[in-house]
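Following are the structures in question.
Consider the two complexes below, in which subunit A is the common component and subunit B and subunit C are the respective partners.
Let's turn to the complex of A and B:
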C-alpha cells in the first residue's frame, strides 16, 4: 500500500509582511482543502509577528530530510501547486542518479577471476605425498 | 512636485552579487589552480566544462561499446573463439543479446558465457559442414531457425 513520504508541512510566515500575502491567502482559503485532500500530512501554520525572515514552506520527510521552499511573492494557487509537488515527492536527495539499477548480489555463479577458466590443477591442492 | 524621470546620477546597484558569483564558483570547486577561486577565470572554465560534458554524452556511447567489445573479445578468447566468429555465430543461432549484456555475463556469470561460447562454436562447425560438405548430410540441429509469427 502507498505510504506518503511527506510527514509534515510547516508554513512559517509573518502576518504583516508584504511578500507573505500569498501565504496569508493560502491559509485563509486553500489550506483546509489541502489538508482534507492529504489526510496523512500534518499542516502546521506558525505566524511569527513582526519583521522576520522570508516566508518559507518547510517540508519534513520520513527519512529525515528537511526541504525549505521560499513562498515570498507567490500567489495562493502557486503555493497550492508547490505543496502538492512536495507532497508527491520522497525525501531522497535530488541529485543525478548514476545508475538506474542496483543489486546486492550481482553474481550468481561466482564472479570471474583470472583462475576461473584455467585447469583446476593450478588451484587445487591435493593431499601431500609422504616421502617414500 | 512630480518627478517624471529619475535623476541621472541615481543608478540601481546590485545587492546579491555574492550569490550570483557563488552560483558559478560552486561548479568550479574541484578544478585545479586559480580557476577554482577567481571568478573571472572560473567563468570561462565552467562554460567550457559544460560544453564538453554535453558533447561527451555522444562519445560516451561509443566508448562504452568499445569497452564491451574488448571485454567480450577477451572472454571469448579464453574459450578459444575470436570475437567476430563469436558474435556472428550467436546472431546466426538467433541469440540476440547485446554487447552490454554479454560483457556483464562474461564478468558475473562465467559458466553461462562458457555455454554461449560452446553454442557459437557448434554453430560455426555446422556452418562449415553446410558450406564445405554440400552433400546429402542432414542440416545441423543448431542451424534451424525459429519463425515467430
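Let's turn to the complex of A and C:
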C-alpha cells in the first residue's frame, strides 16, 4: 500500500522579519487546510522572535533525510505548492538518476549464456532417415 | 589598536563542527515534537484505524518502564509516585507474533501447496526475523515513536514494538484488516529472494529423492549435458537429471558434484513451484471471511 514518505514539516520563521511575510500568510490562511488534506504529515509551526536566520521549511522523511527549503520572499500559494511537492517526494537524495528504467525481472526465458543454444553432448546424431 | 568587534571568521566553522560532533539524540528530545500528533500521523500513514490508547501501549517497552522507575527512585520520590501507570507491550507483541506467523504460514500453504512444512517454517522464520522486522520498522518511523532505554533502539526492541503494533491492530480492527496489513508489509520483502537463500538445505539430492518417491517417479539419473573448459582452472559442467529418460532439471557448477547439487536444487524449485518465472503474488482484495476464520481457528 502507499505510505507517504514525508514524516513532518517544520515551519521556522520570524513574526517580524519582512521576508517571512509569505510564511505568516501561509500560517494564517492555508496551513490548516494543508494539514487537513495531509493527515499523515505532522506540521509544526514555530515562530522564533527577534532577528534570526532566514525563514525555512524543514521536511523530514521516513528514511532520515532532512531537507531545508528557503521560503524567504515567497507568496502563500508558492509555499503551498512547495509543501505539496515535498509531501509527494520520497526521501531519496536528489542526484542524477543513471538510468530511467529498472526491472526486477531482467529475463523471462532465462538469461543467455554461451551454452544456451548449443546442443548437449548427449544428443545422438544418427544416420539420416530416408524419406519413405 | 584593538581589532573591531563583531563575529569572527572561525565562528561559523566552529559552530558547524560542534553541530557535527554532537552525540546522536532521540527525535523526541529535539525541538518540535508532539507525541500525540505523531501517533495520529502514524496511524494515518499506514491507512489504518487504530485505537490510540492500544497503540500507545504498543510503543512502551519493558526496558523503558524499568529505566523510568529507576530514575524516579533516584530522584527520591514516594513509592506510589515511583510505580508508573503504563502497561507493557509484551502481551500485544506475543499476540501479534502468533497472528503474523499463523497468517503467513496459511498464505504460503495456499500459494505453494507443494512446499513441505519445513520450507514454510523457514520462510515464516525469515519474515519474522529480527533484521527484517527491524528494517521494516525503521523505515516506518517506529524507532522515533518507540519508548525504550537505549538510543538508537536495538533491533530486538524494534521487532517487539512492531509486533506489538500488529497486535494492537488485531485488537482494534479485527483479523481481516490485520491480515491485509501483514500481507502488504511482509510479503514484498520476498521479492527477488531465492528459496534456497532463505531455507538452508544440506542435502538437496536426498530431499529430491524423497519428493520423487512421494510422487512415484523413479530415481533421477545424472548425466553431463554440457561442459566447458574441463582442463582449465574454471571449468563449467551442466549436469542434467533424467527420470525415465525425460529431463527433470539442469544445473551448472564448477565441479561435477557442485553441478549435480545445483541441478537437484533447480529440480526442487520446479517441483515446489518457487521458480523465478512463477506468477507474482496476488495482492487483490481477499474474499470475505475465509482467511480470517482460518487464522482465528489456527490461533
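A few notes on this one:
In the analysis below, the second predicted complex is superposed on the first by the 98 of 132 C-alpha atoms of A that agree within 3 Å, B and C clash if a C-alpha of one lies under 4 Å from a C-alpha of the other, contacts with A are read in each partner's own complex, and residues count from 1 in each chain.
As a working rule, a residue touches a chain if its C-beta (ideal position, glycine included) is under 8 Å from a C-beta of that chain, and two chains touch if they have at least 3 such contacts.
Note that the structure is a prediction, hence the values are computed from the model and not measured.
Applying the stated contact rule after C-alpha superposition, one finds that A:4 touches subunit C and leaves subunit B untouched. By the touch criterion defined above, A:121 lies against subunit C but remains apart from subunit B after alignment on the C-alpha atoms of chain A. When the two complexes are overlaid on their common chain A, residue A:106 makes contact with subunit B while staying clear of subunit C. With both complexes placed on chain A, subunit A has more residues touched by C than by the other of subunit B and subunit C. Contacts of A:42 after superposition: subunit C is touched, whereas subunit B is not reached.
Touched by subunit B in one complex and by subunit C in the other are residues 108 of subunit A. Subunit C meets subunit A in the complex at residues 31-32, 34, 37-38, 40-42, 44-47, 139-141, 144, 184, 191-192, 223-228, 236, 238, 240, 276-277.
For subunit A in complex with subunit C, the residues that touch the partner chain are 1-4, 7-8, 10, 39-42, 44, 46, 62-63, 104-105, 108, 114-115, 118, 120-122.
For subunit A in complex with subunit B, the touching residues are 106-112, 116-117.
Across the complex, subunit B meets subunit A through its residues 75, 78-79, 106-112, 114.
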